[in-house]
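The two complexes that follow have subunit A in common; it is paired with subunit B in the first and with subunit C in the second.
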Partner chain A sequence: MIRIQYFPSPQPAVALLARGLAIVLALVCAGLLLAASGAAPLTLASQVIKSTFGSSFGLEDVGLLVTPLILTGLSVSIALKIGAWNIGAEGQFYAGALAATGVGLFIPGPTIVILPLMFVAGVLGGVIWILIPTLARAYTNVSELITTLLLNFVGTLLAYYVSTGPWLDPGGHALGTTARVRHDVPELWGTIHWGLPLAILLTIIVTVLLNFTRWGYQVRVAGSNPQAAKYAGMPFRRHLITVMLLSGAIAGIAGMLEIAGTVHRLQGGISNNFGYLGIMVAVLARGSALGVLAGAALMAVILNSGIILQTQGLNTSTVLAITGLILFFTAIGDELAHYRVVRTEPATA
Partner chain B sequence: MEIIAGLLQTSILAGGVLALAALGEVLAERVGVVNLGVEGLMALGAITGIATVITTGSPALGFIGALGIGLSVGMIFASATVILRANQVLCGLALTLMGTGLAATIGKAYSGMPAPATFAPVAIPYLSEIPLIGHAVFTQNILVYLIYIILPVVLHFIMFRTQHGLNLRAVGENPAAADAAGIPVQKFRFWYVAAGSSLASGAGAYLTLAFVPSWSEGVVAGRGWIAVALVIFAGYRPVNAVLAALLFGCITSLGFVGQARNWPIAAPILSMLPYLGTIALIIVPVLAWHRVRRLMAAPAALGEPYYRDVR
Partner chain C sequence: MNVMPEAAALRSPGTPPIVLLKGIAKYFPGVIANQDVDLEVWAGEIHALLGENGAGKSTLMNVLTGIYKPDAGEIIIDGYARDFASPLEAIAAGIGMVHQHFKLVKAFTVAENIHLGWSETPPRISAEALEARTAELAAALNLAIQPGARVEDLSTGEQQRVEILRVLTRQARVLILDEPTAVLTPAEARELFKALRDFVSRGNAVIFISHKLDEVLEISDRISVLRGGRKVTTEDTRNCSQKMLAKLMVGHEIVLNDLRGRSAGAAPVSSDPVLSLRNVSAYDDLGNIALNRASLDIHAGEILGIAGVAGNGQKELSQVLTGMRAVASGSIVVDGKAFSSAGAGEFADFGVGHIPEDRLTTGLAPALSVTDNAVIREYDRAPVSLGRWFRPGAATALARSIAEAAAVAVPDFAMPVRNLSGGNQQRLVARREMRIASRLLIAAYPSRGLDVGAINTMMRYFVELRDAGVGVILISEELEELLNLSDRIAVMFHGEIMGIVETASTDIEAIGMLMGGQRAAMRSLEPAGI
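For the complex of A and B:
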């Protein structure tokens, strides 16, 4: 007899296959929806592929997008290691960008001094932005998912207020942005700056810390079974606080690099939904460093496609919708990967 | 005095959005399913409402259309989370991203167009003539009375005074026991999640048909998430949820009053009030009274899918 049975842990190969299928299915669905609304999905797809991979400019654009996505993905991913949902990478990104811009604009000095200061400011911005959700989760068990998320709106509003109000470019060259921050992260290849190798390096460092240190071991145990961790005498609360603050710091660094490396001015919509797309990256990564890099690359290509297709009436909102579709199918695929077809001996009656 | 009456009127109007969405979330969470897709459902409802009223001229049709869209999308969400038992947090976030993104993409064509007809305020005879507060409370659109009086009272009665309500709460507290008692757990979960989603989309339509009333990208502005937080604050009770929504309506309208009366605070800073207020209100009560935790506790099986065969 053949029946379908649920298993607590999925087979890795099946899980991976389910992931791949989910992404393909989501893109097919998006294509069908586009076709239904009168667009020609295949023409659009070939246009995207040509302008993304056909020129060094296309690859540079993806390279610029991948840097913040690696970092926001890493940020969400590390919090998940201890079982916390940091849905606030978007807000921490803005806080980091804001703090770094403040330092860059108002502290005089040579770039070699100011750039590290901006980095520190970015870290602090991200940490401050996640501080209250962290303490609320650690001491009163208030869901960090909602508090971190609500602070996204506050961060977005604050960046908008500052860049259109008190810090508005006095030169008046551009509307709704601050003056140009004159301290750039050096360029590496074309417009791609040293933020990309830095983001990859940070991913590697965090992975090493999590997988090869006593601290990392305790964090992983605390994440998969808090009761067991407490019983074994591990300081669960301290680990939770450290990991969440680290998560905020990494998202803050993403914001700082976006200012110092790519945009150079603080403005309202600077984040491109990087924080929300980071959730997708972290989910796709399933906790592995390589997964964060691969997930960020995939999301960068998708985000870049949306930007290329802006002339066709698509935009970053469409990208957000497609991301949601991928996330939805991924969640379903992950669950279905737990089922196996098993052969059972017929019961002898 | 006029200021206070005006404040009350705006608070009731503004709180209605949150109240309807929060009632929907109470339905889902009481049967043990966290629906984090409220924000996306509201965006879909908001665009459905405005698109319908612009084509047909009927706000009632727009509201009903939004309820229908919410029900259909809610059934998709419930199929994933209840029947297939996929991760509720992920599916909810996915729904929020999809709904927000899709609504913004469709909404490009309707951006900035005012609704040609809205749910206009109706003065209730006699009651609206009560001095001071009468006009503020009883000259509202009909959805307000539905949201603040009829729905919460009916839902409270069903949940806490009927066998059906006992069953539905049992499904959220202990699905295995409910199942053993012969209650169809999955059926309860599926339909209550779908119904809750329908109300969430209705809340979105309320936004574009009675409150704002037009579409712009980001018109929902996190109200879905505030509604999810309100449910926690309200201890998963329909009447409390509506009262909490009114309180938040007050916070929101304080921002409006500030802008209208030229307070020396910048508009974006005033716009932060609802989010900061929400965060404060879900943290402070737990800090202040430890007893609150037990009294207002979440349904015990909240967020956990139910597997009959794995026990």
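For the complex of A and C:
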């Protein structure tokens, strides 16, 4: 007799296959929708592939997009390790960018001094932005999901205000941006800067901390079951605070690198939704660091495809639709990966 | 129909019993849950169903309410044989059940909960009209409720009334209550009893599931005792006493598999206690006094049993003894040192192992791997950790040896621990805790959910520890287990320790009396002030 049975943990190969199928299915669905609206999906696809992987410009663009996505994905992912949903990477990104811009614009000095200061400012900006949600969660159990989300709007609007108001470029060459910050993260390859290896290094450090230190073990236990942490005499609250602040700091670094490495001016909309996309990266990564890197790479390619599709006269919401479809099919695939077809011998009674 | 307290008077000729169960049997793989159970419930009576955990009370009621299909036997309601295909059919036949865990939507109001999923709820109705309707229903059934209040804001007793009202509005004539007083204060329990009396006086019947002897004697007209899945007897309550019921529940043929004897070379019982509680009080999670001026001593090399009906402060006692719950007043002395404000970490460092009553929510992190869970007590020392570094390889090696000692086959140490069966989780936790229990082991309901073989293994573990000179506190509902193992037994009732008796010179009846709240004449330990 053949029947389908649920297994508590999926086979790794099946899980990976389900992931791949989910992405393919999402792309097929998106293609069908594009075809239905009169576009030629195959032509578009070949253009996207050609201009993404066929040219160094395309690869550079992906490299620029992947850096903030790794960091915001890591930010959300590490908060999840202690059982907290940091929906506010977007706001922390802006706070980091704002603080770094302030240092870069108004503190005189050589780049070798100012750039590290901007880094520190980025960290502090992110930390300050998550501080109140962290303390509210740790001491009064206020849902960080809501508080971090709401502070995103504050961060976004603050960046708009500053870049169009008090810090507006006095030279007046561009509308709605600050003056150019004259301290750049050195470039590594084409326009890709040292932020990319830094982001990868941070991911590796966080992975080592979580899996190979006593502290990391405590964080994993406390995040998985606070009651068990109490049982084992681990300080849940202290770990919650530390990890949430670390999460904010990493998102702040993403904002700082975007200023010092890529855009060089603070402006409204600079985050490109990286903070929100980080949630998607973290969900796709399912708590693994390697997963964060892979998820961020996938998201970067999709974002870049969106930019190319726009040049073909398609709406940006196409990209949103594709990311939504991927998440949708991935969720289904992850669940289905638990099922296996098993053969059972008929009971001979 | 009038109130007729005497059950015999209800059997008027020609009227069949409201519920008649004949020869009910229900089997689960490897377990006989019910066999040959006959039960008659007459209109106008409160019929108590008494039995230990696992005696088959819940299974029998699940058969009657259509949740399970019996493997043999007949269900006859009002003289007609019925075959319930689903709980809905049982409800339509007038059988309603109030479960131990209420099935209410907490964010909804009382009125909304009453009308949820009910065919008689008007399709379009305003909140006010719904509340008025609810108030009417409640008045008709003489139950005091607030229709507009949200369920989450109600006390447990009020929530229970809502649950009862919901069952009664579906025209239930037989109301089944599963340990209804476990969650109530004494005052709320009295309210409930009044409502139940009122209900049966209108020609209905109540089946009252409990293992509290005192309240069964107080509320019921007749008592049926189940043991090992079979009905032992049905008696008129006026012919019953606590002594007799305790004996019926546990069984005459109690297997005294005495493990109290020491083997040669076993550590003697120490003269000084390892740990002492003096007048310790503690609150439960809701802020009620759950442990009331408890005093006890535990010596090295002895097993101290804690008996009592679940929910009488045992959980809080086990938490106080392991640093998981703050002491409100009184003192804990460990090895002559004050330990009243110590946390769980300090107790563990001192050598106190803890098998918690809810292993999945307290003793384990279900989503983490078997390895991570196995090393939760020893992650901070060599070989698992060197300095600040955690070594996954060494952790897996330790997990492997713990699993081996526990005789648990683990296919993959990286898989989440929740994938293990409940019994295997329990054995793993027990072995893990035994490793650090150099001075004391606190075991709360360690045999819950285990089969007989696994229980025996667990008991051997405790004997092994005792003989090695460790003090063991064994909290259990199984009197048999306590009598077989413990040197002394402390009995808890309403958060107090009613008495501590020497196992050698006591019997089940004496312990049963203490469990029911009657203080022992032969109290062996008077709380000495320190």
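The criterion applied here is as follows: the second predicted complex is superposed on the first by the 333 of 349 C-alpha atoms of A that agree within 3 Å, B and C clash if a C-alpha of one lies under 4 Å from a C-alpha of the other, contacts with A are read in each partner's own complex, and residues count from 1 in each chain.
We adopt the following convention: contacts are C-beta pairs under 8 Å (C-beta built on N, C-alpha and C of every residue); 3 or more make two chains touch, one makes a residue touch a chain.
Nothing here was measured: the structure is a model prediction, and the numbers come from that model.
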item	value
Side-by-side fit of subunit B and subunit C on subunit A, or clash	clash
Subunit B versus subunit C as contact partner of A:G165, first or second or both or neither	first
First, second, both or neither for A:N315, with subunit B first and subunit C second	first
Which superposed partner A:V221 touches (first subunit B, second subunit C, both, neither)	second
Contacts of A:G233 with subunit B and subunit C, given as first, second, both or neither	second
Subunit B versus subunit C as contact partner of A:Y276, first or second or both or neither	first
Partner chain(s) touched by A:F53 [first = subunit B, second = subunit C, both, neither]	neither
Subunit B versus subunit C, judged by how many residues of subunit A each one touches	B
Partner chain in contact with A:W189 - subunit B first, subunit C second, else both or neither	neither
First (subunit B), second (subunit C), both or neither touched by A:I132	first
Superposition clash, subunit C against subunit B - the stretch among 92-100, 110-118, 164-172 or 218-226 that is involved	110-118
Interface residues of subunit A shared between complexes with subunit B and subunit C	8
Complex contact set, residues of subunit B against subunit A	36, 40, 80, 84-87, 89-91, 93-102, 104-105, 108, 217, 221-222, 225-226, 228-229, 232, 266, 268-269, 271-272, 275-276, 278-279, 282-283, 286-287, 307, 309-310
Subunit A residues touching subunit B - in the complex, by the definition given at the top	6, 8, 85, 87, 132-133, 136, 140-143, 145-147, 149-154, 157-158, 160-161, 164-165, 276, 279, 283, 313-315, 317-325, 327-328, 330-332, 334-336
Contacting residues of subunit A [partner subunit C, same complex]	8-9, 211-218, 220-221, 224-225, 227-228, 230-234
Touching residues on subunit C, where the partner in the complex is subunit A	323-324, 343-349, 354, 356, 361-368, 372, 376-377, 379-380, 385, 388-392, 412, 415-416, 418-419
